[in-house]
Amino acid sequence: MIRSYLLVNLTDWDYLPLMERWLYKDHAPETMSQLAPILHRYATYRAVPAPMGGEAFGYYNWRMTEHWWAESPFKAGAMGHGSAISETWPKYYAKAVGIPSGEQARGKAWRAKAPAFIFVAPRPTESFKGDGITIEDGGILRWVVVFKYPGGVSKEEGDDWYIRIHAPEVCEQVGLKRFFSFSAVDPTSLIGPFIRVSELWYENHSSWRNAVLENPPQYSRPSWSRYDRFPFLEPDVDFVSTFLLERPECDFLKDYRGYNITA
Amino acid sequence: MIRSYLLVNLTDWDYLPLMERWLYKDHAPETMSQLAPILHRYATYRAVPAPMGGEAFGYYNWRMTEHWWAESPFKAGAMGHGSAISETWPKYYAKAVGIPSGEQARGKAWRAKAPAFIFVAPRPTESFKGDGITIEDGGILRWVVVFKYPGGVSKEEGDDWYIRIHAPEVCEQVGLKRFFSFSAVDPTSLIGPFIRVSELWYENHSSWRNAVLENPPQYSRPSWSRYDRFPFLEPDVDFVSTFLLERPECDFLKDYRGYNITA
Amino acid sequence: MIRSYLLVNLTDWDYLPLMERWLYKDHAPETMSQLAPILHRYATYRAVPAPMGGEAFGYYNWRMTEHWWAESPFKAGAMGHGSAISETWPKYYAKAVGIPSGEQARGKAWRAKAPAFIFVAPRPTESFKGDGITIEDGGILRWVVVFKYPGGVSKEEGDDWYIRIHAPEVCEQVGLKRFFSFSAVDPTSLIGPFIRVSELWYENHSSWRNAVLENPPQYSRPSWSRYDRFPFLEPDVDFVSTFLLERPECDFLKDYRGYNITA
Amino acid sequence: MIRSYLLVNLTDWDYLPLMERWLYKDHAPETMSQLAPILHRYATYRAVPAPMGGEAFGYYNWRMTEHWWAESPFKAGAMGHGSAISETWPKYYAKAVGIPSGEQARGKAWRAKAPAFIFVAPRPTESFKGDGITIEDGGILRWVVVFKYPGGVSKEEGDDWYIRIHAPEVCEQVGLKRFFSFSAVDPTSLIGPFIRVSELWYENHSSWRNAVLENPPQYSRPSWSRYDRFPFLEPDVDFVSTFLLERPECDFLKDYRGYNITA
Amino acid sequence: MIRSYLLVNLTDWDYLPLMERWLYKDHAPETMSQLAPILHRYATYRAVPAPMGGEAFGYYNWRMTEHWWAESPFKAGAMGHGSAISETWPKYYAKAVGIPSGEQARGKAWRAKAPAFIFVAPRPTESFKGDGITIEDGGILRWVVVFKYPGGVSKEEGDDWYIRIHAPEVCEQVGLKRFFSFSAVDPTSLIGPFIRVSELWYENHSSWRNAVLENPPQYSRPSWSRYDRFPFLEPDVDFVSTFLLERPECDFLKDYRGYNITA
Amino acid sequence: MIRSYLLVNLTDWDYLPLMERWLYKDHAPETMSQLAPILHRYATYRAVPAPMGGEAFGYYNWRMTEHWWAESPFKAGAMGHGSAISETWPKYYAKAVGIPSGEQARGKAWRAKAPAFIFVAPRPTESFKGDGITIEDGGILRWVVVFKYPGGVSKEEGDDWYIRIHAPEVCEQVGLKRFFSFSAVDPTSLIGPFIRVSELWYENHSSWRNAVLENPPQYSRPSWSRYDRFPFLEPDVDFVSTFLLERPECDFLKDYRGYNITA
């Protein structure tokens, strides 16, 4: 079983009415028609408005969609999506979500704000803080960060810093309630170059601002960093992020149906 | 059958995580437990971010929840909600949604940004423009406006202006696709003083800006107006509004369940 | 509460793939979006292939769709369907279902094989045979007949023959298991001129053939009849019919969803 | 809208496996097939084992099923249930639920332990204690009591005692959390002679025992009473009761489906 | 994951009312009770009436039911179906679907018109034409063909002709929109001797007639063929087929429930 | 795929109202939020009142909950339950279900009446009697027995007696309809020391009493037994049991939803 995080940003709110209609009227039913037998979860979370100052952290404004897959969707026929009948894409799709022109909907090239799609194990590879937290422990504002290390920094070198140096420092943030991370698995970086997803949970918008902007802990800058502020990775180049709540707007397999066809 | 529009604004995004949890985990299931037998529709629409400049129009940032009632919910026992067991309210509820302190969740007093709850007939009383529009006619950004006339202006006088003078002028807005209005029915102004709801539909954010801010038609200011700009009613005093899409985030009776109890 | 029977025939099987797609992908979700609050049942039965010889009895080959309405759907706004947004019709719709050219989807003019839409009380006005039958009494093949009396024959005169003379004779059919009838209520004959619906139930195809074609009882021809064979009404002029099973293919309000929008 | 309480007792646990199968496999789907358009709620609660000593209070051991009806189910055709096809009853039904031999499933005659079916308004006619209680106020064990006054005591006389004298005394029970009552409406006493339903809520089994058996308040015995102990009505003659939880085992219209047929 | 196609024909329409009732009332709920944990899709498509001339192509008139299995259903206990409790079969089952007398419901022997049950990989092994087609490309009439090669012709020899010679010729059919094929996997030919399933898609009935009967391309007859017309395999001996639409009548795991029991 | 049986007893009915609320309002939704992607079935059966004399057989009075797992839930993160957010437990949980004080909710230590949780293959390892039984063969009262052999008796030695000697003798019980058994798989004895589950099915309560207490067959006592009566294992030490019906009260994945959150 593998799990994926897909962050999608709209380049302009003008695309919102038609993109939402396409998602619910066409795309989700087609995805379920074609892939439901290998999907164990298919849920979408709407992005919460960023706390003031949060947009600078590579903020994605539309959605994070999460899939749990029984098997890799890249086997023959699965990615089309279906093998019998294919999914439909609005002709303005690439523009609406920022895919470089000439690139396919699920191509490998990536530029700032294009969809970020990353595959991970179902459970985090590292739990840094707050293990055992429950819903009774107050509000949850999830800051989901998808990232890589800069060119020239190996995953091992980067991870050594992130896990051994950086994460313990982040745990000193005032009001950080939960912090865990997933190392990407194959297929790595399906869309975009990313290799890790981390989730950092706060009580609410003010708590995030306080922890990240107003009263940050001391951080050690890695020697290889070319970006001198937390998180020492360049926004929209080395990382993107979004803010989510605990509840998916829609858990498609459980709560949604639509026009269902052969696969 | 009567229908109601309930607009709710959050006074601070900090309330968002807990208010969303309360809505879906506690409130909607309790409402359905207690009122489903008299509810024929119970759907919630999330507010879309306002177009730039739109926040000045008494913008409500959280939700519009729509109910269709088989009968008035103000009969004995129904408003508690249930008669056997009552609904739960978070203790920060009044602060989160801006209810004046000392006022009840569904009290009659109203001040700027407090919930606006208005009852109307199931179908509009006036259709000014775009009758017959379908989903094939492009995107839909709904501007939902709940309003009254200023103190001293009777409903008849106000409506005479709104229907005979103002609405035809509004129909001249470039790109206005659909425009209809509902005159309130009993129980009028359950929360707040409002007496009409209108919906104005545009293609998207830019279309709204163009129609309302950048290239407005000529409007006639009513003699009684104390607010000199469109719509000649004072924001957050005489009217509030929000921006919605065509699809409810959740149609509770169809798509949601939760912990169900006796009524 | 009123109930309606809507029989629809396809003029050519070539329309089947697109008409089925329109029904499930577009039409049923739009109908539910716009009318669900006043619909208490909305179910569709596919026509069973007619027994040999059955096609001559004004057989409709596609569907019978049944609605139960809380109130008349002809109140302002309801028939469009919605008041805010209207339903979509395929451009080949009139041709596909045999509506006379120039006539609207729900117009009053009718010709052979055009949709027949008739409103009745929720329960039959007459039960001629088999009251108390249960599912344990064997198979059920429903012959649903929608009819009127010929021009010049009043409803009273026609009903006098149908109820007093004809129905008792029909009850003598070998193997007829159940026979009941509904007299139309307002809005009468929404599409088409019909004033009654009757259901006659048989064990299966052979039973129908035996009862109706091979071993019919003696029938009395009414003096006003211009058609000399059972049922003494001219097929496709004075009556149409179809064959159904006990189970709806889809009970939309219970078992179907789709893209749900504002009404 | 009217609401009904139906208490059913099994005369022997030996009937349990087949009666449960009949209820869920046959009866509920048939009821929904035939009556769903006029049912606004159809939920069943399983009886909780009685607290020690509770069986003496006319305890019903199987279920309370609750219906909310858009209209009286006694109109033509509705009680059969369906008009087209009727519901099935197991041949041991009368024995299993204690219906007097020779009596119909929904006949008027009643004897001890036979089903008790009573129609009331949707909301209580009297709320004696605990109005405003919520789920956050602890556990809820509902004692549901269906009763009449002894022969010779008029409803007015009986109610005068019950509402003016008895209920205030009952409110003195230690640990009684909630107490409300419904006066029957037409059709009164469909099965059985009863004219009132009351619900008394306790924290749990021990609380009921303490309040009712171990530390009862002082009660005034009505002059007409022929039964000298609380509640001054003869068990299984003048009243029956059962113990329920707050959550229905199944809310059929929301959470259940089954084989669906024509009505 | 494996997928199966099950084509079932009714030997007489007289079986239709009871077979449909058995399928929906008994069989599908039993199958789901016993096998749902290993089923990832369980959907049934009703056969569309054959285009004129289509019945001669080994046409099956009732249904194609499709399963996606997490694992082979032939492991101990799964085929009975359940291990605890077994499924029920109507006593006329073998006659209704044409199973040779003395043979079991899922036996290996096969004769003309008996059910054809074949297991394949989830995605086609060959896509001959129309890859990438979407729902926007018009109507879809699916011709599903299950076949083997005549006695004495090895799978290799047969496939060499089918894939290298025949399929490219079929792709020349006027109006053929899509053509793909699955090679059977273990358990091969559970019911019946078949080793391949192909799907050929047309716009509608007329398109099939035009492509297959009226304006066929030139075909090369294989040397081993004992049947001199397209498709060079003997109907009801070497192949059977049916016509379906894109939408399943029922996707049981998503859209259906029923009486659910232990497995 | 593995399957588990979880028997839970309440130490006092006083816990019933709050434990039922916790199960349906909090626990099942949390379990589904966190584990649904690896759960293929998650159903709960309420315990039926024991036949008279049945309580002495280590009777558990509350529930048996059954899970089918795609993979072991003991992989990193799954047992907490979630890795991101953990499940909530009422503070009286250990007391309510009889977990030894100081032990965790899913700890290994076990004492009489504490939850018994055992993992098995999806299908029985032994079917002793009644293979092929269907729902048409009458009522089903399931006696579910979870057991181990006494200290000092190896699984091999114990199984040799159980399968070779004891089971055939049990099959002689008058009225025993079905008897099958599962040998535990890893993770063995998650909660409690048990190594086998058997199901014995009877027509009803009286049949159980007759078969087990009133007219038992001759049994051979194993030499190692320290308990001299059937089943030669000490109740609440070497075995526990409960009585269930064929239908789960709730099949959570199919029929239940609730507040759904991230995992």
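Here the chain labels run A, B, C, D, E and F in written order, and each chain numbers its own residues starting at 1.
Rule of thumb we're sticking to: a contact is a pair of C-beta atoms (placed from the backbone, for glycine too) under 8 Å apart; a residue touches a chain by one contact, two chains touch by 3 or more.
Since the structure is predicted, the reported quantities are computational estimates derived from the model, not experimental observations.
Chains that touch both subunit A and subunit B are the following: C, F. In summary, the chains found to touch both subunit B and subunit F are A, D. For the self-contact between subunit A and subunit F, the two sides draw on mostly distinct residue numbers; the shared fraction is below half. By number of C-beta pairs in contact, C-E leads when D-E and C-E are compared. For the pair subunit C and subunit D, the distance between mean C-alpha positions equals 41 Å. Among the residues of subunit A, those touching two or more other chains are numbered 21, 24, 70, 135, 140, 246-247, 255-257, 259.
If you sketch which chains touch which, the pattern fits none of the simple shapes: not an open path, not a single ring, not a star, and not all-to-all.
Of all possible chain pairs, the ones that touch are A-B, A-C, A-E, A-F, B-C, B-D, B-F, C-D, C-E, D-E, D-F, E-F.
Of all residues in subunit E, only 12-18, 20-21, 24, 46, 48-49, 51, 135, 138-141, 203-206, 245-247, 249, 255-256 touch subunit C in the complex they form. Considering their complex, residues 21, 24-25, 256-259 of subunit C touch subunit A.
On the subunit A side of its complex with subunit E, the touching residues are 30, 36-38, 70-71, 75-78, 80, 83-88, 257, 259-263.
Per the touch definition, subunit A reaches subunit F in the complex via residues 1, 3, 40-41, 43, 45, 68, 70, 122-124, 127, 131-136, 140, 142, 178, 180, 199, 244, 246-248, 251, 254-255.
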